[in-house]
């Protein structure tokens, strides 16, 4: 019986998720926005791994799920960054709030 | 015989259709076509009348319209009253058409005029032949249209336009009364047929209240058509039409249709004392009311028009006093002498090209035929003994007296006096004295015009003989109708004396005022009263300010409601959608983080609400 | 309070602290560095959760690869190093409100969530188990992931590659 | 697990997916070894051929029994097949659009475009064809990431860059939210297999935490709502649709959206209805919220579209609105959902691809995306104008078009279960939509436009004609599609766990 | 039993559309001729149908039924059988309406000589519109009705928006949105009925709906729900009819649309609303209808008076006629609300009669507008001098419109009031005010245009040629025919209406 209960991990993940979300929604720098999204995905991973150990039906599946998540996150980060670079090349900016030529 | 009856109205219809289609080619011949076809009707009508003498009523119907389990029929009915009316209508119509051949000679829409006359005659004959209320209503309205078309014959005149419109609308107000009355009666009886209605009344199937209500409503129709107060104002205005039209429609036939209607529905009226009283009071009031207005008018046709209104009131008074025969009798004689008067007036107008009696005068010598004929007419209407009007008026007075409404009796007597006065005022101003206007070449009218006048003159002279106290042919004839209970009232000896007295007094007064000039004219002695009379008691103005302006105001009110409230609400809805659209697209400001924020906030709210509703937030 | 708990709290504090730090720093590079600490402490947590292989992967990929490419990104885009938030108050309120609400709702639910069991066998042959599962049960998503990585690779190249001169003119 | 065991599965059922994968790989290889300056047009044709092969395989599978590989990580059932067919047909037509687009701008000489479309399609197909959270998630991401790249593939174009970036950010957050939800689902049930999850839901330990299940449900739903651009998660869509190359826009608005719906259908219906039937409390609780989302989507999509002048943006809002319509049957929770949704998506596919084909045609010829580019189209290209009119009429849901029957079906499902308010909202917003749809018609038919006669290329023409015929055919005699669906697909398959 | 006559009738305009599609769009005369000829085909079929119809037979005749759409769903109540048939047929009422549609369409096609441009598109849309109208009346099931109903929407939108007058597009949108909303509500009601009963066939539906709750048990539709459906139906059809205050779109259409289209619109399209109220409102929910009959009659009276009052102060003759339509549709409502043989038949007569009369009047408006470029009453004073025949027709039209006996308007007005007086005499008496007001505004407008001094601007005008007023002559003849001998209609209508009422527990 571990002395670290499941709920504590979950709360931690929740906090990280919220931090990531806040960053993604408010940070002006596009790179930070992308990184914040990575943080959100990390929070998910904590959940998955914690559930894999303390969940209702503990098993390796959670860990495998988080492996996939990590991979996908990496791919997403790479593509996001590539897009950002393409954009930067044209517009010379990475400020998210300046990317508004399409609106209304 | 029977198969021929339906031809009577069809002949004028044929004339209408033919002239409408081929009038342009027929030109002058139109008058002949019209007159000949009407003559055919006349001849047939006389045959029918003779057949009715001692014969049985004839009724033929065809199914016309079915709904639910009910079948409405159309057809014709001949009874003594109808037969008499047929003859009057076709006779006057024929004479007027002959007359018009001369009178309208110069008009370039000559054929149309005769076409309209044909239409009118058709409608009038159809009305008379109707065996049921519905069919009567149909022709009733058609008659109105004929009248409307003919009043508006000089369509380019503004006055003609408004007079036509007024005539149609005023009579339509009355018609609605008839319409409602007829429908209510239908739901009481289950039929529009006269005989079935009378049978139901007889059998007491309808309650007293319903009888009174429907009878009065039907009488409202008669008020409109016969120009009774308060719907009388259109009739004098209708004089904007050509004079032969006035003679035919607005003197002899159509306006008498109201009287005819009451007469035809008489068993219904008889069953309700209140209805009869209404008829009598309205008639009596109209008789004296219109007579007073007639005193002050300057237009020859308007004087005659008010005279007509007044005389129609007389007839209503007679009917309302249960004087069925008196009413019908007066209707008949009135048709003769009033048509005569109008035709004579037309002849005068034809000659002097004015209608203002103050611009006439001294025509006695210039119009050898017209003047004596007019005199005959005037004497007849004034009730000079021996002429037709004397007998019929006498009958009315007797009936009124017998009915016991003494107030109305005295009103009738006064009206008789006034009638004599204004008729002879007219006569003296027009035919005696010196010429007051420019009348260089006044010529007597052609034969085509004088001939009908002579015929009518003879009838006005002797027409009264059909029902004298000594020989009650008409009474007996009408009494053949079994549905009626005709009262024979004893003629009191003093009534004819009083009648003769007042009429002679009236003539004398007129002679004193307008020939001898012994008595100051009314206009000078009582200018205020004269002013009121000249302006017809300001009834037109009152109507104008109340109903016409009121309707207009109401219309504008609704129009603005429509424009601003109804459309405004629509505008509001579209405005809200548009505003929402604008807000929505403003929100879409290109900031990607805003997009996500909105989405996330949406999710948070969603979760909160789920939690709240689900009761998990404890 | 046992040692495990202490370790957990330290790691958690580091993770959260660096996260908050990231939010408050102004220099972009600093932010990224702060985040590395978060990633690292998360790796530590994985170890505590009997996921050694994952911890390893976490360090390799997040603290390593992703952080590095992000830094490259920062370098490549050569923008001013500093960044400050310029978003308006209403939106901050919207975001904060949303997040707080979300946090609270979730927090009350997971606060006392416990199933009282744990997979004691997880520690044993952790990596091997993962390998076996991955290549048997999850072979289809695994292969699909390979396609995905290929796509990401191609995409990243296509998008980030500098164009030929000729193509450079092809701007609208 | 041994190789024998692995090989014992009936891999043949994956034939459509395999054809797509193989084609994608082939394309990338050929592209790699092709000389730089050579036109990539043949690649498109090859891709098209690959899709047609896949369609053939798929059609041959119609009526096959339920099959499963490796614990449902791949699952073959009628539901999957029915929707996969739609994806395949749609993508085939998008390839034809892409073929035309190539001529207009040099970016498209690259082969990536085609095989990225292929992989995106593959992702969508996997989303339809799996009953395992992990596979579903990977499929979703495969679709998403391919789409991000496709949106930004005109990399010298400001709009394209911006669209791609916005898409990545929004998509990333959506992914995170979806995953967060999935992690709880996994955690509470300990399973990733949908049927197993469904069974676990009745477990008392899960029941205790049913609210967390709802939370997870909502989060997954929200994440997927991004994909189908349902309000308030729709805001990225207009920008991304406007900035992306038109074939990609078409793909996003048709295939990607349909995949989203497919995933939602499978995920929620299998999880929540599988074991407990139609009266699952969780789903019933969630009903009003889906209804709200559907209503908001219809309102916002249609109302905001009124003010749009950019034709692609206008159709972006239009497709948002259509997402709202498709969500309506979800609320009604009856078996009719599948049939109506499927038919509506089929109709939507035809009319929307058709409309976008015309839009691509007109905007590329006019060099303008303003909706006035359509002015006087009936003079310059009468037949195209007529076909556009058909698509618009269908989108507006007027009769004798597939769109009408589709809407009719949706009404049937919502009114049959008593969702009168939702149906009323749908009706009202449909009427609003008439205004902007007919605005385009007014441009086409009432306004005088300058310019000469223009004619579409063969690829475009084929797409337009197919879509027109389809729209009319399924509008006049919808039984063609309905009977095909009825006889070929037993949708109860969905609820039959594999052995 | 299997006759394709009705299909042939409904889709016969397609022939014209196809022919036109392959014609060059510059040949004005040719296109107009073909357009006109194309409308003769449906007219011929309509006449065949009318002649072939057996008035004594109460059943639906010329039935066509094929399986069409099948939303088969397993595991639902009703056994999941959601089949919708292609289902045509006529009864005494619809056969008349079909004939009316064909006649008015042909005459409107004749009135299309005044169309100035794009004749090809015009006639194709025109014929499409005719398909829609014919279909509406020939349908025997709700979906088909609805489809044809909506079909009329699209061509009308274009016909107004492209060939109308200055403010045409606004009018077109107004038309579209209002009618779209109306038909949308209609669709909701239809589908609810469908889902509750599993059938869309009129006969099937009404027999289902008239079963007592004991028989149907859970399937029985509650009374309050029925009221809801009925009211929704009335709102939906009220837009089309139109019922105040849902009428504003119609004014725009009447003023802005080309005369030929207004002939169709006012002559036929508005009548669909009336037909719908009769067929669905009374046919499906007679008991509920009876309970709200007073309110419907009240609405009818309001329509009647409201339209009449406002028509009185309009300066544009087209607007007078537009409000006059509002007013006349009040009579339809009155007749329907009375729920007895007289009233219902009156309403149906009014449908036909107003169709002819408004077609006539709008035809004349077109004729006049073509020559004078105006329809303002004050600009047209004294027209009778230069165009006596036109003025004559105008007068005839006006008189017909104000319900002059001897013309069709009277018969319908009379019967409607006859019906209402039996049920609600007081309300009916108030309504008769409308009879007077109608005379007032019609005469004001018609006499204002024809009588009086002739305006100088009109002096050069020439009377139109015979062929030009031939349609007016035909319409007048029909109006008079029905007015003089209403049995031509009543014989064929009566049994249908009786059957409807007898079956539905309404009092005959």
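A, B, C, D and E label the chains in the order they appear, each numbered from 1.
Keep this in mind: a residue touches a chain if its C-beta (ideal position, glycine included) is under 8 Å from a C-beta of that chain, and two chains touch if they have at least 3 such contacts.
Computed from a prediction, not measured in an experiment: that's the story for all the values here.
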Ask   = Which chains contact both subunit B and subunit D?
value = A, C, E
Message = Considering only chains that satisfy the touch condition with subunit D, which of them also satisfy it with subunit E?
response = B
Inquiry  = If you average the CA coordinates per chain, which chain's centre is most distant from that of subunit D?
reply    = B
Ask   = Centre of all protein Cα atoms: which chain's centre is nearest to it?
value = E
Pair of chains joined by the greatest number of C-beta pairs in contact = A-C
Cα-centroid distance, subunit A relative to subunit C, in whole angstrom = 5
Task = Could you grab the centroid distance between subunit C and subunit E? Build each centroid from C-alpha atoms only and quote it in angstrom.
result = 69
Remark   = In whole angstrom, the CA-centroid distance of subunit A from subunit E equals 64
Message = Need the CA-centroid distance for the pair subunit B / subunit C, whole Å please.
response = 100
Touching two or more other chains - residues of subunit E = none
Overlap residues in subunit B, where contacts from two or more other chains coincide = 585, 588, 590, 592-594, 596-598, 600-601, 603, 607, 611, 616
Note = Touching at least 2 other chains, the residues of subunit A are 10, 20-21, 24-26, 33-34, 50, 55-56, 58-59, 61, 64, 68, 72, 75-76, 79, 82-84, 86, 89-90, 96-97, 99-104
Remark   = So the touching chain pairs work out to A-B, A-C, A-D, B-C, B-D, B-E, C-D, D-E
Key: subunit D residues within the subunit E interface of the complex   = 334-336, 339-340, 393, 398-400, 404-405, 408-409, 411-412, 415-416, 420, 423-424, 427-428, 430-431, 434-435, 438, 441-442, 445-446, 477-479, 482-483, 486, 492
Message = With touch defined as at the start, can you tell me which subunit A residues reach subunit B in the complex?
response = 21, 24-26, 33, 96-97, 99-104
Request  = Mind listing the subunit E positions that touch subunit D in their complex?
outcome  = 67-76, 82, 121, 143, 146-148, 150-151, 153-154, 157-158, 161-162, 169, 173, 176-177, 180-181, 184-185, 187-188, 191-192, 194-195
Request  = Spell out the part of subunit B that touches subunit C in their complex, as residue ranges.
outcome  = 593-594, 597-598, 600-601, 603-605, 607-608, 611, 616-617
Note = Seen from subunit B, its contact residues with subunit E in the complex are 63-70, 134, 137-142, 145, 152, 155-156, 158, 160-161, 164-165, 168-169, 172-173, 175-176, 179-180, 183-184, 186-187, 551-552, 554-556, 558-559, 562, 566-567, 569-570
